[in-house]
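Quick one: the structure is below, and I'll ask about it shortly.
To keep things simple, chains are lettered A, B, C, D, E and F as they appear, and every chain counts its residues starting from 1.
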């Protein structure tokens, strides 16, 4: 089972200029064949289906650790898309239906508006839904690892191209981070294959040949050595990944390490504002806020919400709250 | 982001007589339109896409808590299917390819063998893959909650029918548990709708009209009051669910409560044995065990694997280990 | 727009021995590429999209007439499947959940039980859903008619094979009727093509070479000359079909006619009994009956339901009603 | 079985400026998960599969009445899309193939041109085909009604958003009408649930919170009290809907009524002109007109086509006819 | 089995101005329901499944001959799309990732970039993958031929519309050629049906009514009498097509002939240049060239590559080679 | 473009006892994600999309050679399925429709009968159609080769399991052959990757760990050294494969070679007999034979069909022919 921590794995910029066409492209990293839902569910199903766990513990622990990190990537891509679809000018509520969406006709993925209310969906860049055929779980360990190495390779290809296609700051922050972390997973699966079979896959790196150190949005993560670290994403379990994830990084020669903490500190998410043209969270969001406040009071909860959001969002909310109360 | 705990939410029986036809049916609870992947990903995407989190915090916290529990259900259904597909007679390895799979020709879901190596896949009972069209995330809170109430209703329908159709002890342990826990989620969404709108949905229960107290496999969970408890599935976050999840249970009148612990204690999984006829984890699983042991040693890990599996599995492994060493 | 008449186009036998495997096969005639949903929606969409209706009125009227008849075929195939899935032994209600469905594990289409509650679904014989790609509507009249002639040819192929595969009396009554009526539509489209282009398609009949006069279940319909008649399926509209549908039948040389009445008399449906193992219409169907009776009374409706069902069903219901009242 | 009336349920404006991007968006209301094909086929399949019709007659009659109305909605959405795709400048014929479609490259749904010949298809706003997985028919009456209430809620969401996105007069006339009629169906299913279980769903309205009385295109229908009326869509059957559809409207408190006439009067459709760039109905539409005229004559039909189209279309056709004859 | 000849069936122009929106449209001719993959795989599967080959040899030979030609059409459409996606300005390599793809955001099929690296994919004009449901293979010869005649009719419709929509010289060269060759196949299947049944389908031509002689890009092929010739596409087999493919062409009355040579001479393909923004064939294409050169040397191959490409490409390559060597 | 040779790549046994359940399983090797259609179309599309062919000629030649061989595998799997579906008892014709297919109700893939007329279809073992999402063609050479190595690995897994599951002699002959030939392709792609990057993949073999030399049906092919040979499948082209395909076989150390002949000699196919219960090739196959004979005569073809089939089939046909003539 899982526990959820209400923080993103890395920081994203707040909403600025909406970019619905860019958001449609970023969906490939969410629900595409090589998107994060695929990584997440491939490794997670392989872990569910893993036989002889005690006999092959380090490999099981590796699949669990990486798989759990991938959930955070899905969350991060979704937050990016939502940021790109947010129109600060629509943050109010209560207006009668008009032509507010006319400028979005024929632009981007129509389901972002019609189905999602300006938000992310489990679809690819063509608007086709993610599906279970994207999961490979043969149970044969060498095959599964070969698949995973290939999957990470294809995923890096997609991340690079989205980087080149979409200039929105949220998309760039996202792809910069994912290129670094995806690189770690690719190395980890190659290392697992090498340990298991004796093959030497060092020279396959980097594949595709992405010079991450020339990408400005990758650099801060490289500087924090995020390209060398595997997190276990469990308070106690999955200690045995270090039997696999060690030795030199194939590109830089630096030593690979298992992080001492179970997960990166991360950052709180922005609390994205209501969007009146798509009725989210409602025609009259301030009414929901009032009801919530009343329910919270009745339940003995403190006046200010207990959840954590970005500082910026928090001050915006506090001023809204003051207005509602006034 | 998430942390993973390497335990199942409830105990399952160990493999016994394989039931591939039953396993094919249980897939509906995994990858069907109303299966656990759907619950999981619906609530999780709704939480990703939730706008005005501070303004509607209790509702956000509810979606996160329930969504995270659903992951554990996906894990549990997968473990059930894997148990039902395990043939204890195939637990060895190293035999030359023969007709060992002939008795499975035309029986159950062929992908359980050909794609999955006797294991679970993100498909429904017809072998069709789960897909992202099963996710509804409009961003309009009342609509999303209406959907979720309906989804839980349909899910209970499926659980009941699988209960009636599949007698394998693992399937029965599973459906007994899920009927109780799914009931909690159905109540929670009805309560959220009532709180938000003023509607009175008490008389819609139970829907479908399942007398859980007459189902032997539900009873132990009812006795432990699992039908009244919501877990937050987070160490710290999602405290505000108690602003919604309270008042009388619509069927029994007992008081609903938010559990003090973040998650149920659960139980360690069985370590399912290798299956030579499908080459999982390999043609020669004991070789993998040897390699793993060598890697573990090199990494300074203790002699016995550090991961937790059921006691029964652990003793089976220890005796295997002794044999390998001898 | 449409009006609905609550009668089937032809009589079907009542439920007898259930035949879930046969029912799964009959689904091809409902939701397969050449099933009745395809005929219905192809001709109906072509009629929606028909340009220059006044200029090509007889052709428009033909599409509308045949398309509307096809709805009745969809209804008829669904009734057949429901009949074949009905288990008279499950007609009661109120029993606690048990293993009543165990005998259906691994038998037929699992969605007939899990999704449909022993009833028909828009799927083919493999359990795959009907989809809009099966509709061809190019707007070019010659092409659309060529398609329709081909579609009817493929549909007859499927009907013949289902006839040979499924011996259940309801399936045989169905395929006997459909082979005759489908033959009329095939002739009608050939005639339309001939009228429009000057081609001579007489020698293409019969295609496939089915000797309907040797099929016992076709004969009564042939004797009533149903192979020669086109119905308009409208009280007033579509009078101009007779500009196309005339001349000799390509197989028998008899004269084709447009029926004077708008539709066949048909027969009332059987009122299929509740099925307790799948909770349809509920755990306790007699409670629904009581509620309905109370609502009917309040609305000033007569004591006995006003709707028409088969005589056999009506007497079964009346005796049930007497029991409920007692 | 069905009879077809060759009129639309409400009047639409004639073709004006083409809007292919808008037409692509309107497809969501036709072939989307919450489009009219879904409403139509959900209620219709539920009626096919309804067990114990005499025991629960008012509920059966409700499904049949609403389901049959939905067909008219499918027809109406299709007519809207066809209107929006019609280019009056292409109404001739006989020109050699040139670059007439170049301005449509990359614009809207390419299948509107390549597959449909400037017309509607069973697809959603992303160009994905409608499919049978959108149909829910469990046979459990409470569940089916819960589903239907949810489906209508989601459908209103989509209609509202299409209203806001697409300003073409045909799209606005359509959504104005559908918002009013869909509202009736949503109320009807809530009422049915309330009658059957005792729940009180009044406060769930309106959901989504659409102020229809502020939408100019809804107002004429509200003034004719179309938001209060249920039609039976059958000459004789389905009389018992009035046992359910009564009491106050949840938003206005006005009394709900079952219409005395079986269906609205409606309006004749526009006879959309040929489009030479997509060869509909042919390269040389006037030749088809000649052939039709000759066939009509031979069959003893009157000189002028007997079918009804809008007055405007009729005069256009008459002048065309005069030209052909001249 | 097959042998491959490394030439295209007809000449295409080299890359010029990229046209990604046009390329997205041309995909319909590749992976659409009526695209060349469909023709290819329909006739090829029908040939695999052909029973009684000796008894019906001329018909078998016809399917094999046409099916094998269709592969060349698939190749040709792919080459066209690739040509249209090639940006001569991106022909270098080695640049650090930047925003080079920004101008393609929201333009055309996103998979052309993200999945295909500026190249063709088995998808239609909406980006939906070709699928096996597009194959009809009933085994009943009359039905299969009826299908094939219809398929060719629909395919010509699509080719014509793509001609009108896409003005890029490669697209025009393609559609001009395919309209002529597809016409031959349509005639061939009609002739086969006539021979087998006695029907007279001459008057169905042309369908759709395309005046190919008025299309400039068709004319050179008409002048070379390509509309009259069937190739066997086998060195020795399929001699018996001439028992079917003979008699007058339905439009021109000229005599149909089986070509004396097994296949058209065709033309070598252009060797499309690397595209640095999508990393094809790599970040640093000249490194691959060096490795290839080294491997070739070691294997005793001549200095210049032995494969045939267009003269234009060959000189471009030679100058590149000189630079690499310098 | 392609030429077709009307022979299979290896010999298959003639029809014997039908095995429809086995045939349904073998479909995975045809239309599954790792089936032969996937191998064929992956390599073929990669070859279509290959940029810088002269610069990377040996790699282009490799993709073309292997891709073209895969077509023959698709043909071989189809022939196997058709053999397994053939019922010698149904080889006649002309019987009135009866219950001849009743024994196939609920057995195997229903489309084998209803759609295919006892023959192969582009579907997987679950009856789901092959689709274009199974094709990976990134244009980045290292990635494409990594994919292909993985694809061959997964394909071998499936072949092995089908071997173990299906004992029918045709299935065994097939899988024995494919395991050997697929092994060659897997080695070839590994070698290409090694040549291109310097990685050492020798120790990844065999993967999965299949001891082909212990499989009786592999042995004859191993003895003929088929595991060491690459064919070019072109009379003249693709000579440069030998720059890659050389060096020791990773399992046996024997030297890899490029065959001197372009393709294996192969064997003529069996001419599978008509099947009257599915109307293939018709209700009255002898009538088709007569028509064909008449057409052949008219065209001046020799009395005996010119095509090659197995000796066994040829004598069966000759005796049939004599009967027809008598």
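Simple rule for what comes next: a residue touches a chain if its C-beta (ideal position, glycine included) is under 8 Å from a C-beta of that chain, and two chains touch if they have at least 3 such contacts.
Source: prediction; values computed, not measured.
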A correct list of chains touching both subunit A and subunit F reads B, E
For the copies subunit A and subunit D, the interface residues, called same if over half of the numbers are used by both and different if under half, are different
Here subunit C maps onto subunit F under a C-alpha rotation whose angle in degrees, rounded to the nearest 5, is 120
Subunit B and subunit D have mean C-alpha positions lying a whole-number Å distance apart equal to 42
Rounded to the nearest Å, the gap separating the Cα centres of subunit B and subunit E is 49
Rounded to the nearest Å, the gap between Cα centres of subunit C and subunit D is 23
Contacts with two or more other chains occur in subunit F at residues 33, 115, 126-128, 133, 136, 138, 140, 142, 157, 208-209, 278-279, 282
All chain pairs satisfying the touch rule are A-B, A-D, A-E, A-F, B-C, B-D, B-F, C-D, C-E, C-F, D-E, E-F
So, in the complex, the side of subunit C touching subunit B is made of residues 96-102, 104-106, 109-111, 113-115, 126-128, 277-279, 282-284
Residue positions on subunit F within touch of subunit A in the complex are 33, 133, 136, 138, 140, 142-143, 146-147, 149-150, 153-154, 157, 193, 197-204, 207-209
Seen from subunit C, its contact residues with subunit F in the complex are 21-22, 24-25, 28, 32-33, 107-108, 125-128, 157-158, 160-167, 208-211, 214-215
Seen from subunit B, its contact residues with subunit A in the complex are 1-9, 31, 41, 45, 48-61, 64, 67-69, 71-72, 75, 78-79, 82, 115-123, 129-133, 135-142, 195-196, 233-240, 242-244, 246, 262-264, 266, 269, 271-275, 278-282, 285-286, 288-289, 291-292, 295-296, 298-299, 301, 305-309, 313-314, 317, 320-321
